[in-house]
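Each chain carries a letter (A, B, C, D and E) given by its place in the written order, and its residues are counted from 1.
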Amino acid sequence: MSKKEFFPMDGDRTKYPEIKSDGTADIDLSSHKYIKLWHGPNHPGITGNMAVELTLCGDEVVEGITHVGYLHRGFEKLMERRKYIQNFPLVCRIAVPEPDYNEYNYATCIENLTGIDVPEKGMWLRTLTLEMARLQGFLMWIGGMAGAIGFGTVGQWANYCRDLVLDRFEELTGGRIYHIYILPGGVRNDIPEGFKDRMEKNLREIEGFMKDIRRAFFDNYVFKKRSVGVGYIDPAWVFDYGIVGPNARAAGFKHDIRKNYPYAKYAELDFEITTAKDSDIYTRAFLRFEELLKDIDLIRQILDKMPEKGDHISKVSNMMNLKIPAGETYVRSECTRGEYGYYLVADGSEYPRRVNVRGPSYTHGVALLEKMLVNVNIADVAQLMVSLHTYPPEIER
Amino acid sequence: MLENIISELEKQFQLEAVDHNSSDLVFLTIDRDHAVMAIDLLKWKFGYKHFVLLTAVDFLEEGKFQLTYILNNPDTKTDIGVRVRIDREDANMVSAHHLWPTVATYQRELKEMFGIDFPGSPRLNDPFILEGWEGTPPYRRDFDTKAFAASFYHQREGRTTNDPATYMKEKLYPNE
Amino acid sequence: MGEKILFALISLFLTINYGFLMNGVIRKIYARVGRRHGIPFYQMYIDLIKTLALRTNIRHGTMFYLGPVFRFAGGVGLFLFTPVVFGSAMFGNLSFSGDVLLLLSFQFFGTLGMALGAGESGHPNAAIGVTRGLAQMTAVEVPFVLALMGVAIQYDSLSLHDIVAAQQGGIMHWTLFTNPFIVAAGMLALLGSFMRPPFDVVLAGQEIPIGPPTEYHSNYMALMLSNRAIFPMAKAILFMNLFFGGANTYWEMMIKTFAVVMWSVFVGVSFPRFRVEQSIRWFLRVPLILGILGIVYVQFFMS
Amino acid sequence: MSLEDLNKKQIVSPDGEHFEVDPMNDYFCQDRPEEVKPVNKIVERFYNWARSESLWILGFGTGCGAIEMRPLMTPRFDAYRFGVQWRPTPRQANLLIVSGYLSTKTLKRVIRVYEQMQNPKFVMGLGSCTINGGMYFDSYNTIKRLDYYLPVDVYVAGCMPRPEALLAGFEELKKLIKAGKAEGANEYANKFDWYKKNQKEVIRDWDMPDYNW
Amino acid sequence: MGTLKDILSPFSVWKQVLKEPVTIKDPLNRAGSDRYRGFHQNEIDRCIGCGTCEAICENEAIDMVGVASIASKDGDSGLRPMVDYGRCCWCALCVDVCTTGSLKLSNVYTWVDTDPDNFRFIPGIDKKPWDNAEKGYVKPDNYELYPLERVSMDHLHPEERDHSFIEIMKGYSDEEALIEADRCVSCGICTATCPAHMGIPEYIKAIRNKDVEEGLRIMYETNPLPEICGRICTHKCETVCSLGHRGDPISIRWLKRYIADQVPESAYADVLRQDSVEQNDKKIAIIGAGPAGLSAAYYLRQLGYQVKIYEKLQAAGGMMRYGIPEYRLPYDQIDKDVNYILSQGVDIQYNVEVGKDISFSDLHKQYNAVYVATGLHQGRSTRIPGTDHKSVYQAIELLRKITNNEEIEVAEKIVVIGGGNVAMDITRSLARMQKEKYGKVQIIATSLEAEGKMPADLEEIVEAREENATINPGWGPREILIENDKIKGLKVVKCLDVFDAEGRFNPSFDESEEAFFEADMVVESIGQGADLGFIAPEFMEQLEKDHRGRIMVDPLTYQSTLPWLFVGGDIIEGPDVIHGVANGHKAAKGIDLFLNK
C-alpha cells in the first residue's frame, strides 16, 4: 500500500471545484460553502512573515495561495549598487537562520571569477561554520516542528540546544546570528583557543537532549498519528517542482550536494547521504533528525581533521577596489533546506551586474506548497509548512 | 561529456556563444525563438531534468535583457546555463511553464520585477512580491533605488559628512 | 440560607485564589520540564489586573459581551453546587440531592455561552475554534456521562453529597478502587475538558490563534482568566468527589484537586496535540469502552 | 482580500431581501481613535505597575529580528520570568515589537495590527532599521523611520539586537510605563492625521479603512 | 503504529522536571564573547580621519565630522567618524579597513533609548559606557582587506650600479603599477600634504582604470613636471599616507612616474590638449628655469601670458639637472618635461645671467611682472679650520661639474660632511667615480644628526651603503687636518643632539668622544644659500625681509612688497622640487591676479 492512499481524510476532490492546470480553481465564495482564512502574516503558525490565503470547506483546504513579499527588501537590487565586499553584510540577511550559506556561496562566486585561493585551514573553518549552521538550523527546525503541532516541551529543548551552537558561533565569528565570517580568500578570524573542547562539551549536551527528543518526539503516539501519511510528496514531483534537500531525499531521491558536488572540505569527510522512502511529514522530520545527528558527527570530524596551524585567509588585493572581469557563474551548496545557489554576473566593474539567489524555499514555498495544501486539514497547514522548511526571505529576497 | 551535448545542440540550433565556466558548468546563448525548444531537448533527451533557476540580467547599455535558465543533470552532475538575449523594449519570451510547473513562479517574478512578459504563463499578472507598485519595475537598471528611497520615504535628517581631502583644503589651504 | 450563601462566597473566593495560584504553579511546572524558570507563580494576578486596566474595549454585540459572562457563570455554577469539603458547613456549598445533573448542565452552559459570544466576534478563527470546541466537548461528554452514570448507579444516588458519603471510611472505599474502569473513563474524559495537549486543538495557537477567545480582551479577558482559575478547580473538585472520596478538610481538597489537575498536566507536557477529528475518534474509542466496561462492572459484578 | 471586495455591492438576505452594502463603512470601524485620559492618579499608578509587570507581546515576526524571539521564549533567556508573555492575537497583546525593517506591504499589516490593539499599547523598535533605515536605507520597499508611522516608545540598538538587549529594552519600557511616560496610544490618537498622512504617503494601495479600532 | 512504547516513551520528558533550569541567571549583565562585535570604540589620538571606514560602510552609517578639539594637520584630517546606529549593521568592515587600527568594536551590546535621534555618536569623543570595555572585536591578525606591503620596484643591484650613472630604478611594469595602485584606499589625506596639492587619489584611480592619459591630465593640473617629480620628489605625501600607519605607504611617487613614463612625449600634445586659451599681450619674465620657474611658465602660458625665461646655465632644469645625479634623474626625462613646457610657447634664453647680461631694471621696464626663482646654488661652508684648502669642495659645485662633464678631482679617500640628500648625491656620485677609478670605494659621509635622524631619505642612505659608501652619522666636524699641504683627514667629536630644548639649531657635543676620518679630499654639503646679488640695490631696499634676510612674500601669491616682483622657488621654501612646482603654480595665479586687478 503506498502512502498516497493512506491519507487520513482522503478528500474527495470531486466535491470541490476542479484545480486547473495553473494551480487555481474557480471558487464561488458567495455560495457560502467556503470561507476564506488568512494564515498569516500575523500568525504564530506561519514560518516567518508570509501568508497563505486558504479557502476552506469545513476543516479542509480547498485552495491555498502563497503570498510573499512581506519581507522583500530588494537585495538583488541593493547588491547591484554596492561593491563586492560591501555585499557581505547584506547577503547574510537573506536567510536569517543560516546566513553562512549566503556568505559561502557569494564568496565562492567571487573566488571562481577572480581566482582567489583559499588556504587549507580557511577551507576547514568554512566547512565548520557551514556544518554548525546546518546543526543550528535543524535544531531550530525541530523546535518549530514541535511547536507547530503544539509540543512546546521539545521546542524548548531544541531552542536551548540551538543557543548553545550560537554561543560557539559568537565565540568563533563575533556575531550571534549574522556572522559575516566567510570572506573572499578564506574566513575572517582564526579558531579561538580551546574552541574544540567547548564545542565538544556542547555537542555532548546536545546529544543528551537529542536522545530525549528521540524518545519524546519521534516515538510519540500523537505525533505519529498526526504526521504519518500527511503531506505526502510523490517522487514524481521531485523534478517537476524543483524539490531539493531533505524533502527530496525523504522521497528517495539520493541527492546531497555535499556528496554529489563536493565543495569546501566535504570530500575529505566521512558521511553518507541520508535517504528515506515515502516523504510524509514524519519521514521528513525523522530524516532531518538523522541528518542533525550526522551533523554532530561531522562537526567532530572537522574539528579532528582541521590542521592546527596555517593561514585562515589568503592575501587578497584591495577589496575596496575589487573589479571582476565580465563573466558569470553559478555556485551551489547544501543548506538545511536543500540546494542554495548563487548566480553572479560580473561586468568588469567594481559592482556586480546581477546577483540572483536561488533559495530552496522558492520552489518549496510557492508552487509545491500550493499543490500540497489542497485537501489538507486546516490543522495540518502549519506543520505542513514547517515540514517543507520554507523560509520566506529566500523567496522574495 | 558537455562537449558532446553542445555539438549535438549545435547541429540543431545556432549557438551564439558558448562559455565554459568550469568542467561541469557551461553557459550557451541561443536565440529567443529556439531557446525553449533547446531546453525541452536538454530536459528530455540529455537528462537535464532539474530546473535550477530562471532569472534575468539587465544589459541596459545594450538595450537587452539576458534571461538565464540554469539546468542541472543530477546523473552526470553537470549544469548548463541557457542564455537568451531579448530586447528591453517590449520584452517578452516564450513561456516554459509546461516543462516544469515551478517555472511559472519564476516567470511571475520576472514579470513583476523586470516587466518581462511570458504570454500564456499561469497567474502571470497576479501580484507576487510587491503591492501596489507603479512605474518602472524595480529590478530594471534604469530604476534608481537610492534616489527613489530618498524621495519616497522619510529619512532622518541632520546628517552631514565631509570628504577628508576637501575638508583639509578648507581648513589648511582654503585659498589655494 | 443567608449564611450558606455567605459561606459559599467565602469558599468561592478562597478557591478562586487557589485556582490562580495553582495555574501559576502549573505553568511553573511546564516551564521546569522545558528547563526554564517560567513566570512567577503570582503572575496570574498581575495579568488579571493588567487586563482590567485596559482603557478601551471593543464590543461586537450583546452576545459577545455575554459570552465570557456565561462562561464565568458556568464555572461559578459548577463550583457552587459541588461540595468542596465533605460535611463542612463552611465549604459544603449549595450541594443538594440530584445535583449531578445540574452540574452536567452547568458544564455545558459555559461552553455554549462562549460559543455564542465567540461566534458573534466574527473572527473566522474564533468560529473554527468554536466548532472544534463543541465537537470535542460533545465527544468528551460521552465517556464523562458514562462515568457519571456509573458512579450514580454504583452509589444509587445523584447527589454528590451521598456519593462522597458512600466513599468514606478508608482509602479502599474510593471509587478509584471499587470501580477502576469508571475512574479510568472519567479521568481520560477529564483530559479533554482541561484544554491541555493532546486535546487543546480548540485553542491551538499555531493553527487558529487562539480559537474562541481570539477577539476577547480587557474585562472579557479578565472574566475568562478568572474562569480559568475556577472552572478547572470546580471540575477537579467534582472528580475528587466522584472518584477519590471527597475531602474532609480544605487541605485535603487542595492536595486532591492538585493531583487531579496534575494528571492532565502529566499528559499534557508529554504530547503534541491531536487534530479535532482524531481526538473525537479517540474519545469515542478508549474512554468509551472503559466507561461501558465500568457500567457493566457496576451492573453485574457489584450489586 | 482584494480591492474589488471593498466596492459597494448588493446582498441578498436569507429572507430574500435585497440591500446594499458598502464594506468600507459597514464592515469596518472608521471612527477616529480618541485619547483616553486616566481617571484617577493613584489608581493609574497601580494600573501602570500592573501594565509594566505584565507585558503581552504580539507574536508577529515582522522582520529578521523576530528570530531572536525564540531564544527569549525558550530556556536560555526565558523572558517569561520577567512577566513578558507572547499572545497570538492583537486584541490581547499590548506590546508590539517591530523587529527591524518594515516593507510597505508589512507596514500596512502592522498598522492594522497596531490599531486593533487596545489602549494602552506600546511599540518597541528593534535595530537600526526602525531608527534610520538601517542597511536598507536605499531600498525601494522598506520604510526608513518607524516613528513617522507609529508612536514608538523604546528603541533597542543592534542589528539585530541580542536577546539580552531586548530584555534590557523590556526593563526600560517597564520603567517608562511605571513613570506614566508610555502614552503611545494617546499620542497616536492626538496626532492621528499626521500619522495617517505619512502612512498614506508610502502605502500605495490604501484599501483599508482609516482606522480599524 | 500505536504501540505501547509510543504511548509511554513521551512521558520520559518528566525526567527533566527536577533538573536545574539552563536559563542564564542574569542576562542583563552578560558580557558578549571576547570577539563580539558590539558598539564602536575609537582611539581618538590614533585615528587620522582618513574616512576609509565611511567609504567601506555599505549602509552609509558613518559620517566624517569635524571635532572641535582636533585640528586638521598634515596626516590628520581633523575629522572623526560619527556612527549612526540607525544604519549600522555591526559587520565591522570599518574595523577591518581602518588604516590606523584605531577603530574597534567593544563587546558591549546594550543600548536602549526612547529618542531615536540619540543613536548617533562619535566614538571616542562622546563618552559612552563601553569606552573602557577591554574585550571586543579587533581586526584579526593575518587578515587584511588590502595588501600592506608595497610592490617593490625592479632596480639595478648594487654591483650593477655602483660604477655607472645609469638610472637605478627601472619603473613599474603595468602589472606592478596596477597592483600598487590597487592598494590605495583613496582617502585623500595626502593631497593636503603635497605642496602642489596634486590629485593623488584621482590619478591613482586612473591607473586602476588603466587610463594613464587621464592620469596625466590630472597631474598636469597641478604639476607640469611629472617625470621629474615621479623620480626625485621628496614625496611628503607618502609620509602621511594612511596606509603607512600599519604597513608601507603607497608608492605615490613611483606611480606618478609610471603614468608619465607610459605616455610618450609625442603623445603629450594630444593627451593634454585643451580648448585654446585666450592669449593676451602681457609679458612676464622669469628668472631661472628650475622647477619653480618652469612651473610658473607653464601655468602662465595656460592663462595666456607671454612668458620668457632667463636661464644662467646652458640647459633648463636648474637644480634638478645640476644638483641631482643622473642615476637618479636621467637628463632625457628632464628634457621630456621641459620640452613639453617649452612647446607651449614659452620663450627661453640660456646662458643669460640677469644682473650681468641683462639688468634687473631692464626686466622691470620690459615686462609687466617678474618672477624670480633662481634657487639656492651657493654651497655653505662649515667654516672649520682647513676648509680653505683646495681639496675641500662644495658638493653643489661638484655636482654641477659632473653634470657638465667637467673634470673633477676624485681622491682615493673622501669624506663628505653632511647628512642631507645632496650629501648622499655627492657621496654616491663620487663613490661611483672612485669605483671606476680605483676599483674600490672609500668614502665616508658624516653628519651631525644621529642614525635615523638624518634628513636624507632613508632609501638614499640604504642605497649608498649598498654601494659601499660608509655613512657614519652623529659626528660634529671639528677640524680638517692638513699635513704638507695635503689633507690627512677630518677630526670629529660625538654630536649629542642637534637641536636644543626649544627646537632651535644648536648642536651639543660630547668632546670626550673623538674620531678621525682619514681622507684626501673633503666635500662639504651642509646646505645651500641663495645668491640674490643680481637684484639691483634700489629694488633690494624696497623689499621687506625677515630677520634672517630672506625676502618676505605673500604666502599665497608669492608677491613681494614690490607689486610687480614675485619671488619663489627654493629661495622662499628651501630646497625642494615639489615646493618649487607648487609655488611656481601659485605665483602664476598670483601674477594673474595682479595683472587682472
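The rule is short, and it goes like this: a residue touches a chain if its C-beta (ideal position, glycine included) is under 8 Å from a C-beta of that chain, and two chains touch if they have at least 3 such contacts.
No experiment lies behind these values; they were computed from the predicted model shown.
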Keeping to the contact definition above, tell me which chains border both subunit C and subunit E.
A, D
For subunit B, the least number of touch steps when starting out from subunit A
1
Give me the ID of the chain with the smallest distance between its Cα centroid and the all-protein Cα centroid.
A
Going by average Cα coordinates, which chain is farthest removed from subunit C?
E
Using CA atom averages as chain centres, what separation in Å is found between subunit B and subunit C?
61
Using mean CA coordinates as chain centres, what's the gap between subunit B and subunit E in Å?
49
Suppose each chain is reduced to the average of its Cα coordinates; what separation in Å results between subunit A and subunit D?
30
Cα centroid separation between subunit A and subunit C, in whole Å?
43
Can you list the subunit A residues in contact with two or more other chains?
36, 43-44, 69, 72, 74, 77-78, 81, 89-90, 153, 155-157, 160, 176, 178, 216, 220-222, 225
By the touch rule stated above, which residues of subunit B touch at least two different other chains?
130-131, 138, 143, 145-146, 156
Sites on subunit D at which at least two other chains make contact
59, 74-78, 81, 88, 105, 131-133, 135, 137-142, 145, 159, 162
So which chains end up touching which?
A-B, A-C, A-D, A-E, B-D, B-E, C-D, C-E, D-E
Looking at the complex, which residues from subunit E come into contact with subunit C?
10-11, 13-14, 16-19, 21-23
For the complex, give me every residue of subunit B touching subunit D.
130-134, 138, 143, 145-146, 148-150, 152-156
Can you list the residues on subunit C that touch subunit D in the complex?
31, 34-40, 43, 46-47, 49-50, 53-58, 205, 209-210, 213-218, 221
Can you check the complex and tell me which residues of subunit E touch subunit D?
21-24, 27-28, 30, 32, 39, 58-61, 84-90, 109-114, 116, 119
Subunit A partner contacts - residues on subunit D that touch it in the complex:
1, 58-64, 66-68, 70-71, 73-77, 86, 88, 90, 101, 103, 105-106, 109, 113, 135-136, 138-142, 159-160, 162
